[in-house]
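Shared between the two complexes below is chain A, which has chain B as its partner in the first and chain C in the second.
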Partner chain A sequence: MRETLRTRLGWLHGWAGFVAGLLAACIFMTGTLSVFDTEITRWMQPENRVPAKTALTDTALDAASSLIHEQQLHGVPVFLALPSVRSPTLDVLHYDGRQFVGTRFDPRTGMPIPVRATMGGTFFFSFHYTLLEGVTGTRIVNIIGVALLVAIISGTVIHIRALVPDIVRLRLSAARLRGWLDAHLLAGVLVLPFTVMIVYTGVLVNAGLILPATSLAHLLAPEKPGTPATSGTKAATAARRPLPPLAPLLAIARCSLQGRDAGFILFSPDHLSIYASDASGPFLTRDHADFSLPDGRLLGATTTPGPVAHAMQVMHGLHYARFAPLGLRWLYFVSGLCATATIASGLVLFLMKRRSRSGHRIGFRVGESLTIATLTGLPISILAFLWCNHLLPASMAGRERLETGCFLGIWILCTGHAGLQSSRLHMNAAWRPQLRLIGLLGGGLPVLDVLTCPRAVYALPALHTALDGMGLLAAATALYVRHRLGSDRT
Partner chain B sequence: MTTDRTEDRTRQARNRVAGIVLACLVSYPVAWCVMMDIAHVAGGAATLQLGQIVALACLPVLVVLCFSAYAGLLGVCAAGCIAALAGVLVS
Partner chain C sequence: MTFPATFLLWLMAFSCHARLHPHRYGFAPLAFHARHMAITGRIAAPVVALALAARLDGVTGVLIWFASLSIAGLCMALWLASRHH
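Take a look at the complex of A and B:
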């Protein structure tokens, strides 16, 4: 059997794409949702009805300052997230080991807003880059990213002659395999630059985990224990005194940071640091101005100079897209959906091509079950997570843990269902009921939202329409695919 | 005839799996050497970041190159030797 470069790279594209694609589809799906993570959090906290672009008052800053001082006395390391276009509340937050939690203040009155506890949109963000497995998960995500780049390069090489014709060719009425291949190529070629950019910059964000700057032999060496803080007594004394007024410090910091808005303030016992907002430009920096406590004297500004550092900041900025205005974020979202569709159609194609020859093998049936768990099980779990948020009582204790439990539990159930429905000869019967369930949950999302949170829908109609519209889009796509599957059961 | 074809296919699949494992094993150290060489040129965190930017762009290309043909594998091995020698000379 003669082997050409095309057949060899075709094998690489297929297998690297399938193995990496199972996780990559999850990473892309949740990453696409993370483009609107702040908006999803607002949707999941309907009690927060503060309109966008609300002016921040000194009263609100003083109220937040008092709470911060109180928490500092209890030894809780807190930071203050300042209002922005996307999140208009003033938030005093700390990390509880899983997520950032704290109190939201109304930026006009300084009154705390009694919002429900929820994992919010940050759940999708955490899942996107850690798979809920911490550093190990991030390392796996990085490896998947490199494998995806390998699949993209090999796919581009085997399709290089037909890249341009593929953009205008979509034959849904042709043979089933041809239709899926056209959809895979069309979506893939259209968003190829975006996909390469987002995967490459994503791997670069945690480049140190995949290409550490230590000798390969030192990678397994145990880490040295950290040195204890030396200025404990002085710091504790400073923390007992109240914080200086924050409004003048913000004005000084704005001048020190070349006119950029402040994004958040970190508090240490003896000083505070005001960081430039991530939304102030495509360079995602950690430039900050430091002030001593308790007198509020400017200690200096820290900026990162140099073209290489700026290049890295642009890479990070492009991936996080926090600088992006609303229109550009929608472009990211649509491109992310297309990239997810490319991976999804690639997974389906891989199975379709091998069904006749390997459909009887246990490996094939496991692969198909995992594909179903990824392509339909994950959207079901995401929608169930959103339903759970609106259905659980707002004052219920530990409701954020229940949301996560619901997400994971339903995903496991979907995987189990797909595993049980696998058949020796025919297409797995789990596709159709799971697609119908997406249609039901997605289509019912706007109804649920209007019935359970009518005041929030009335106060923030654009936000709720957009989020509910995403549910409807998922439902329409799932029902269309289910309809197409209806005629052929092989 | 059918048995021959099945054996052929099995051998080909085995060769391809071995090929991708070899490609990863060769490409990763080469990319790491490239990163460390660039980092050693001037030292400091900035050049290390530059090394990571270049090495991570090279890594998937090297894997595909290694896997595609023996000439590619040999080329990557040669590049790795040069990178390793350069690293020894710089440090």
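Take a look at the complex of A and C:
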């Protein structure tokens, strides 16, 4: 390969990787946490101690039906999330403009569970794909995804000669730059299939927001079968009557959806739709069975046929991983951590290579403080968010807004601290205290959990051990890196 | 049980790979017969792992095969690095 091509691709890889990497690290970090978003929500609502695989009773369904009917009369568009292996409660939810809120029912007794208001694990999920900026944020995330694909392809071409021979090469005892480069290449090459898959499917999931051809595709698409039309008077009459028993409808829907379990139920004034569970397979569909109201008569099942639809369904399924059993979910988590480490090591390498030449420049110092804010500031704010959840009084009004405020406030403080230290040209002065703080907050998470929610820890030990373990892992990694920074005399 | 088996097979493949590049990974060069064995192991182990993983549902099997590649590779790299360190 001509050296000029390698040099140009090196420039492209460096700059595209650094600019996109600052946001990509945040997207990957929160995306990795989103693999366990439901579990994080359960950790953040210790009042919910319903064990997994609890059987759903008719009593609970009736209790949920009554609440749904009541909310329908008030004109609130609600849906019913059915219990699953990951979330065993029966949830009557509606969208309040920021997140899904509502009442959780015990699937055994049908009693409402008085859980604390929290942003929960869905906060990380929202951050992952919107950066808390709605549709604009999703567009930015998609553009970053495309830039990341460019960085991955250029990086692979640069490294192609040594890709296979050096696949398990890591020289920790070599010079500092060589060690970081080996770590970057090792993590990058070994998780390359996962990274390409997750970035490509992620871009494809919301491609409609950045591709102008979407409107044309809508024009050419075949018409969807319409929802059964009912006159306004009939719909209003149906909404006033109580809902039919849901258990028999679930059994009929299961047959209509080729034996797949139901995931959630959407309610309209004149009909209800039972949707197949996302966990029923790698094809993430919105197949559903419709029933008329109030008599509960089956109107028909809607499935999406065709190879293009199936291809898109599998892309969604691979990215969201809702079909994945626990073991595969952990593999997604570990691969996500490795991909985050690849981006993080790339950011550090970019700065290290330019420090001697451009270390005094304002642009370099801004880049360095942004890198510190991303790599240590974000984990600190994530941990502060979790601490805030356990420390704020459970019955406090507006506590979910405070959790978000705490997350953003701490992140801004970390960025300010990094900016201040970088402007004084103190190389490790910002890294070290922030890494120490991660060690403190992460290491203290299990202690906080046991002290503030002992009953939840006792009732769901596996879930709490796993999440507290993640805190310990973050702490151990941060303290190890801090130790390496301290012992580094180069 | 699929993941542990594919993980071990990938570990075997990576160890054969490391033995086939003695200068890079700091091993003594292999004899002719042992070199052939290592080449066979490097090819056969991932194929057997794929056959094992394919017994599961298609998508899950492929995901497990790639994930075991990544994790086994990382473990092998850490072991090789600690050996030199």
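Just so we're on the same page, the second predicted complex is superposed on the first by the 459 of 490 C-alpha atoms of A that agree within 3 Å, B and C clash if a C-alpha of one lies under 4 Å from a C-alpha of the other, contacts with A are read in each partner's own complex, and residues count from 1 in each chain.
We take it that a residue touches a chain if its C-beta (ideal position, glycine included) is under 8 Å from a C-beta of that chain, and two chains touch if they have at least 3 such contacts.
The structure presented is a predicted model; accordingly, all values stated were derived computationally and were not measured.
**Student:** Touching A:413 in the superposition: chain B (first), chain C (second), both, neither?
**Tutor:** Neither chain B nor chain C is touched by A:413.
**Student:** Now for A:187: first (chain B), second (chain C), both, or neither, which partner does it touch?
**Tutor:** A:187 contacts chain C only, not chain B.
**Student:** Counting only touches as set out at the top, which of chain B and chain C does A:9 meet: first, second, both, neither?
**Tutor:** In the superposition, A:9 contacts chain B only.
**Student:** In the overlaid three-chain picture, which partner chain does A:203 touch, first (chain B) or second (chain C), both, or neither?
**Tutor:** First partner only, chain B.
**Student:** Counting only touches as set out at the top, which of chain B and chain C does A:317 meet: first, second, both, neither?
**Tutor:** After superposing on A, A:317 lies in contact with chain C but is clear of chain B.
**Student:** Using the touch definition from the top, say if A:479 reaches chain B (first), chain C (second), both or neither.
**Tutor:** Neither partner.
**Student:** Taking the superposition as given, does A:19 touch the first partner, chain B, the second, chain C, both, or neither?
**Tutor:** After superposition on chain A, A:19 lies in contact with neither partner.
**Student:** Between chain B (first) and chain C (second), which does A:331 come into contact with in this model arrangement: first, second, both, or neither?
**Tutor:** second
**Student:** What residues of chain A sit close enough to touch chain C in their complex?
**Tutor:** Contact set of chain A toward chain C: 165-173, 186-187, 189-191, 193-194, 281-282, 314, 317-318, 323-325, 327-328, 331-332, 334-335, 338.
**Student:** If you look only at chain A, which of its residues touch chain B in the complex?
**Tutor:** 1, 3, 5, 8-9, 11-12, 15-16, 146, 149-150, 152-154, 157, 200, 203-204, 207-208, 210-211, 213, 216, 306, 308-309, 311-312, 315
**Student:** State the interface residues of chain B toward chain A in the complex, per the touch definition above.
**Tutor:** 5, 8-9, 12, 16, 20, 29, 31-32, 35-36, 39, 46-53, 55-57, 59-61, 63-64, 67-69
**Student:** Taking the complex as given, what residues does chain C use to touch chain A?
**Tutor:** Interface residues on the chain C side: 3, 14, 17-18, 21, 24-25, 57, 59-60, 63-64, 66-67, 69-71, 73-74, 76-78, 80-82, 84-85.
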